[in-house]
């Protein structure tokens, strides 16, 4: 057995993995202080008119089952550590889609005392979807962008969250929600 | 039709392991697609469950803190093994069962319960509150649906005079379809099957809006994939059982496919027609209605047989 | 054993939870499946809007306040605009007011249908959820063709409205109203006759008239308990003076009554929209308003889809308001949940929550800071203001 | 009191075409009034800066190249924009418009969300000047 054939098998396995990943992005939705507009539009993409199930997207309840985190809203200080925790609970490889102007830059809430305003400052974002709120079609378009970038071989990188929140660990032990 | 293959092939490739898993995934697709069509949507593509499973298998598996590690890893395998073992005693796809002995019906039913037991244990194993509630609900539901489902499957067995699934198959194939002779039993069996598989409206143990994903909330990657496959295999077995017992048995693959598809349509329609029952409503329904109806059916059969013997 | 019994088993719902697409944290103490205690923790969506209003001008505030809530965005803007117009002593032209009412009623339809779908989803009735949202797309399409956005319509500007209705559009809306009315009748049938659904709604979460009054419930939640509380009828504003509505009331007070009240309100909305489209007068849609609003303070109340929405605006004569206070209907209704939840099954909780049509982003005007080490203290307005300035410096 | 009221609709749904639009594969046409990406016409602009002043989310920056000859460049941030159309409402010279065809704007990078509008030579001039060290951009206000 030469290394060539091993490489060949490894390639096939990798291709299969990538194919599966592209065709079955299970999503979890987190609202970190949004006005509900984006959330309702995300929910609308599940409904008959848009039906993202035909692309393999399924909205999951538990972060443990999800591949894609769809985050909306200008990250409020209260929701910040929850957002990071949900992100950390997701198994690798994981991707983040920021939906709505608030998640991209703060939108109208830019400068409010209780918001961070940019999701990218907290967790690494893969796809940005602007709009206030984006139409459901635009959200699907964003997801397709993500899948496209995966197809082209953008390596899923393991990313360490920059914000170190020490209280989080203590809280997780005592309070096992999510 | 008879199959004479090496036992290992029977176990691992056909009709056991590989084949059954693939059929199970196809069943899941059919389930999701039909429900989607009932909801006026397009629904997933045909390879969707395959992609889901491969993706889950390739994903990182997180073992949460505070669980019994070996149990956490072993439970999905036990659940899947139980389901696959049960399949060996069933005349799958129109072929004769790989193994059979007098009384294998009971073994199959208990093998099928392994799944629920494993889910219950898996839920109790993790520390999250959702999983614990999910586990309690799953076990409660098991206690409630097991008896009526068993009763519903027993009445054809008594009518056939045997506890061997293969023999029941030939009996139902030769006689009038039992759905006409024992309609109550059929209803109880179908609804019991849905309860067993935790399909809506009996999906309280994994009610997304209440307890996230129930007992499996903390599972990711491989474990989740194995549980998924196990459930799908159970779906195949359950539907086949009902087809064998009530829809005139299966003699060849075409008959199997047609009858299963027909039953599938009924099951998916039932899935999308009702609001989820609360766990107390499920239990109440089962013990008050399901068990009583199953029992009545059974008594009627026994009485009928007795009467027939006297008249003869 | 006694130790274990004493230990409370608390089920948290939220802030990330599939039942609620919005972050809000509930803690239900359960005994088996029975809920023995309920607590709410809000503030995950606190963005500091009221404070932000103070350093933006009135026009910017309009769009900021519109984004208090993505479901009832129009009523927020209307409440603010009505208040500012009253301060400035300007009256919007009648056509503009009619269009405001038109948008508000369309929004009510969209909000109620949305709620209906979500509530069905909470009950595990996914097919009904899908059907409702499929039909909801019709009203979303109307709103999009009318205003240009599906969620934040931005119909209002200070002194009038941006958009106008022409004959073609009004024909389209009338046609769609007929379709929606037919569908609503169907849903009414489902809600009042389907056994599995009734099992989840009838007799659940019954709120008596007295309790509703005592807890200060507003909107459909109160009306389902027989409290006659509807700003559109009690204190008509804007176009509702010309186009009166009938109040829908039910006496039962349980979840089923809330479904019925909301669906009946939909009929009322359909009727009102048809009436507006027929009787609307041609004319101007904007009046001029000065950038600087004269000094004064005003209270503005409108009826949001969820109940009474309250705005307090204080102006100091500059381009920016001195203080804006928002009290949203969801906040008033919270009390009813914690009051009613005890004694019900855990499985009923999502339904109960959905029953008041909660809107977390509406709620979070305030943050409660709990500290164990420091004693709590009361602050008056000036002290609080000073403290706030120091805190955020 | 009935079980399965929805049955009729289920059968109907099974035998009719699904309500789904085949979106990413066939494009949908947005309604005429849709408020999509902002479009700027540099020929008409007189530089009153009203749009910038009232923008609720600072999405517009109007950069002056030459005030007398009315040369302006607009730097527009779709990621900040909330698509409220207040600027369109305010503009008395109709040089701002919200396009109903440009609304799919997802991107994997954030750099895509800095759009320059204006005459080509003006943009080139501005970018060149911004690239030179030591010289600040022209003031926004």
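What to note about this one:
All chains are identified by letter, namely A, B, C and D, in their written order; residue positions are counted from 1 within each chain.
Here is the rule we go by: a residue touches a chain if its C-beta (ideal position, glycine included) is under 8 Å from a C-beta of that chain, and two chains touch if they have at least 3 such contacts.
Only a predicted model underlies this, so the values are computations on that prediction, with no experimental measurement involved.
Ranked by how close its mean Cα position lies to the mean of all protein Cα atoms, the top chain is A. Chain geometry summary: the mean Cα position of chain A and that of chain D are 24 Å apart. Here the CA centre of chain C is 29 Å from the CA centre of chain D. Rounded to whole angstrom, the centroid-to-centroid distance between chain A and chain B, based on C-alpha atoms, equals 34 Å.
Per-chain Cα centroids separate chain B from chain D by 53 Å. In chain D, the residues that touch at least two other chains are 3-4, 6, 10, 18-20, 30, 56-57, 82-84. Residues of chain C in contact with at least two other chains: 12, 17-18, 60, 63-64, 67, 127-128, 130-131, 134, 137, 149, 152, 194, 196.
For chain B, residues touching at least two other chains, in rising order: 36, 38-43, 129-130, 208, 212, 272-274. If you sketch which chains touch which, every chain touches every other chain without exception. Touching chain A in their complex are the following residues of chain C: 12, 14-18, 21-23, 25, 43-49, 51-52, 60, 63-64, 67-71, 73, 114, 117-118, 129-131, 133-134, 136-137, 140, 149-152, 359-361, 367, 392. Those residues of chain C that touch chain B in the shared complex are 9-12, 17-19, 30, 33, 120-128, 130-131, 134, 194, 196-197, 199-200, 345-350. Of all the residues in chain D, the ones that touch chain C in their complex are 1-6, 9-10, 19, 30-35, 54-57, 82-86, 89, 98, 100. On the chain B side of its complex with chain D, the touching residues are 36-43, 269, 272-274. Against chain B, in their complex, chain A makes its touches with residues 16-17, 19-21, 23-24, 26, 47-48, 51, 53-54, 56, 60-62, 64-65, 67, 89, 91-93, 173, 176-178.
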